[in-house]
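Should a chain be cited, it is by its letter among A, B, C and D, assigned in written order, with residues numbered from 1 in that chain.
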Amino acid sequence: MSETVAELRYELALANRILAHENVFDAFGHVSVRHPEDPNRYLLSRSRAPELVETGDILEFTLDSKPVDHPTVQLYAERVIHGEIFKARPDVMAVCHHHAPAIMPFCIAGEEIVPVFHIGATMGTQVPFWDSRDEFGDTNLLVVKPEEGASLARTLAGNSMVLMRHHGATVVGATLRQLVFRSIYTCRNAEFQMAAKMLKTVSRLTPGETEMAAAVNLAPNASSRAWEYWVVRLEKSGGMPPR
Amino acid sequence: MSETVAELRYELALANRILAHENVFDAFGHVSVRHPEDPNRYLLSRSRAPELVETGDILEFTLDSKPVDHPTVQLYAERVIHGEIFKARPDVMAVCHHHAPAIMPFCIAGEEIVPVFHIGATMGTQVPFWDSRDEFGDTNLLVVKPEEGASLARTLAGNSMVLMRHHGATVVGATLRQLVFRSIYTCRNAEFQMAAKMLKTVSRLTPGETEMAAAVNLAPNASSRAWEYWVVRLEKSGGMPPR
Amino acid sequence: MSETVAELRYELALANRILAHENVFDAFGHVSVRHPEDPNRYLLSRSRAPELVETGDILEFTLDSKPVDHPTVQLYAERVIHGEIFKARPDVMAVCHHHAPAIMPFCIAGEEIVPVFHIGATMGTQVPFWDSRDEFGDTNLLVVKPEEGASLARTLAGNSMVLMRHHGATVVGATLRQLVFRSIYTCRNAEFQMAAKMLKTVSRLTPGETEMAAAVNLAPNASSRAWEYWVVRLEKSGGMPPR
Amino acid sequence: MSETVAELRYELALANRILAHENVFDAFGHVSVRHPEDPNRYLLSRSRAPELVETGDILEFTLDSKPVDHPTVQLYAERVIHGEIFKARPDVMAVCHHHAPAIMPFCIAGEEIVPVFHIGATMGTQVPFWDSRDEFGDTNLLVVKPEEGASLARTLAGNSMVLMRHHGATVVGATLRQLVFRSIYTCRNAEFQMAAKMLKTVSRLTPGETEMAAAVNLAPNASSRAWEYWVVRLEKSGGMPPR
């Protein structure tokens, strides 16, 4: 394994734990990154609660979501979310699927999430809504078949986030750190949007504001300031992955 | 005492502490398990806040909720909740009674809890509502007489959870770990349902979705992933029961 | 100083810290206890955030809220809340004044708090509402003059808790531990009442239920189970007062 | 560097961390203090998450928000918020800009914040609302140009706090500790106001009450009691800045 891959596996374990510590994941949810040396593969943990993921748990998958080696460990059932999006979106380098409490009310009520503050603008101007019943009728709601993953990827289209009816959300990023930033701050945006609605009314950023605010908040300065912060918070909680 | 029983007593102490750490219990609430070698007995702590329960606190009771030995310690007043449900439901291996903040609004407002996301589907398609006044009029609301416990068990019927007016909830499981999983995730479901209602509206899973999603989430893979997570969280908090 | 008094001063420091740790107090709020050997005196900390109070901070006051010794330290401005209630209510052995987030919405909206679950019944059947403007017009809202304290005590009358417009609440108890129990669980009751209102509607316990549920929850068994729990939680947080 | 300045830089690092620990800041937000020996300069950290700021991060700026030395580190983009307010308000000694969850619903819904309890009265009788679109149209919402900072300062006028549409709030103080007190308790006020609105209705303090309650709560006794409390809480969390 190259040093680049080794380092990225550690960073992915760290991303798992940060997303758990910042209330995006609980026992469930998963985050992947495209292989840095082979765009037809991606890295994802074995089936394990994200807060506990270590470097040794990270496995390699083809874009058909088959494990490259023949692991004896349990795998996440919903790998196709990652594989099908990596197939459909060559620009995407990292994918996060979660059931954060912040976004679940929107998934259940069928309410649109819109950017309501500058950092939330990183969601983009539109967050589509995917309903598994439209194509597949009654299911157990998990996205386990390739065609289910492909359907989700079609609804995501060129956007950065998609809500999934009665289930959760899937978020994508051009880098792993950008993905972590977007996943956390779209949750904050959802909380603020819901609170504004309960207080009085929701007004959203204009399209122009959204585009400009997204650009500045996805720039390395904002993202690295936040990353340092989340790492220190994780350290204080005793939650860093072993080196 | 056999090794099986000794191990189960430790697991029950652990379940007590996990349920407290995950905000199902506070100073009150209790969880029991049927005796693994004698279906006419069950194990339950002496009267103590669940977060503090140790193996040595676990006592053995008949299904009439009489202690098998003659302990000098204080006992939970509401033991009949456990005993009467174990009598009425041979399929039930574990019972949890709680007043979690997540479900209290439903118990007070008289609002039905319904499955609103895939993991919440573990509640089943119906959660009946028990009102102590219907049969017993004004009481102190505690379920302390055998006939009160039996009445609650009749309302629970073949379901997995029952709400109790102005009081709390009682949840059952086919194993202790399944019970812990269901107790925690039905609380999450209640929180999401309430938030969706405040945001806009509640839509529930279809009966078909509920059945299929419950099956997959009660399977050992989901349950053991979550159990490992809760144990690690409890460990980090310094809350493990002494061995 | 007798051993009884020494022990009670430690217990009062502990009560201060428990009430802070359980979100009744923040930087403000105070709790007192009647002197165990002289009913015309009471014990209260010098002006300090409750979470930090130590045995050495506890001072002795007359029922006119004058310090018995001539301390050089800063005193709480609102001592008359304690002194005037101890004067008016010989049955009261402990007094707590707080601005807990749980009850502030009721103080601001002018909404009545009512018992909505069995443990909340410890508030009693009625919680009167005191508005400082009625007798005193515009003030800085602090209760600092003896006549203000006496007015508050008259509104409290024979009840266990009084809400104060735009300010907070004052709670009384027959023992210090009962007071701590009632202060914490009336906050939980307020949270549940508010949530039930937002979810759908509030239904209260009947008067008969309230009386019976209050009796059982104020009995030593419930109170001591909860006290042990709060002490252990405080210990885990590293917050015990030095011996 | 004089001892006064050295001490103030430490206090500013402490203020950064307290405001983060008390949920005013997250990865973003910043707090400054006017230079104690040169009113035409101010002290502010380099670009860093406030919870992590150390004495060595504190830099000196002119009122035009130019760094006095030529640091190679990244600077906060929104320095002009501080510089332009220090220019316009000679009475102001400290400035805090934040996006606290407590106030964001008001910034998004366009709802006025009003004093609803005695400690919240420290916001003053009026909190103006600044909308960047009024003068500048679509922007990325950051306040980065001197004319944007000057516009914000004009809307702030002689008040103590200003809300910023879809962005956050800026708070000022006559001392750094007063600023920290006001920043934290205006957030508590916002939470209580929102909760009262959801419960039933909001009633505000009268102008006379607001003025009198602000005076007593900005006095050194209240402020130093709270400061000691926040420092101890920060210490317990392991978050003190290195000396």
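The criterion applied here is as follows: a residue touches a chain if its C-beta (ideal position, glycine included) is under 8 Å from a C-beta of that chain, and two chains touch if they have at least 3 such contacts.
These numbers were taken from a predicted model, which means no experiment stands behind them.
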Each chain counted as touching subunit C and subunit D at once: none
Copies subunit A and subunit D touch via same or different residues, half shared test: different
Farthest chain relative to subunit C (centres taken as mean CA coordinates): A
Mean-CA-position distance for subunit D and subunit A (Å): 33
Separation of subunit A from subunit C, taking each centre as the mean of its C-alpha atoms, in whole Å: 46
Chain centre separation in whole Å, for subunit D relative to subunit B (CA means): 46
For subunit A, residues that touch 2 or more chains besides their own: 197-198
Overall pattern in which the protein chains touch one another (line/ring/star/complete/other): ring
Touch relationships between chains, expressed as pairs: A-B, A-D, B-C, C-D
Residue ranges of subunit C touching subunit D (in the complex, touch as defined): 26-28, 47-49, 51-52, 74, 77, 99, 101, 104-111, 133, 138-142, 166-168, 194, 197-198, 237-239
Residue numbers on subunit B that touch subunit A, as the complex places them: 116-119, 121, 188, 191-193, 195-203, 205-206, 208-209, 212-213, 215-216, 221-222, 225-226, 228-230, 232-233, 236
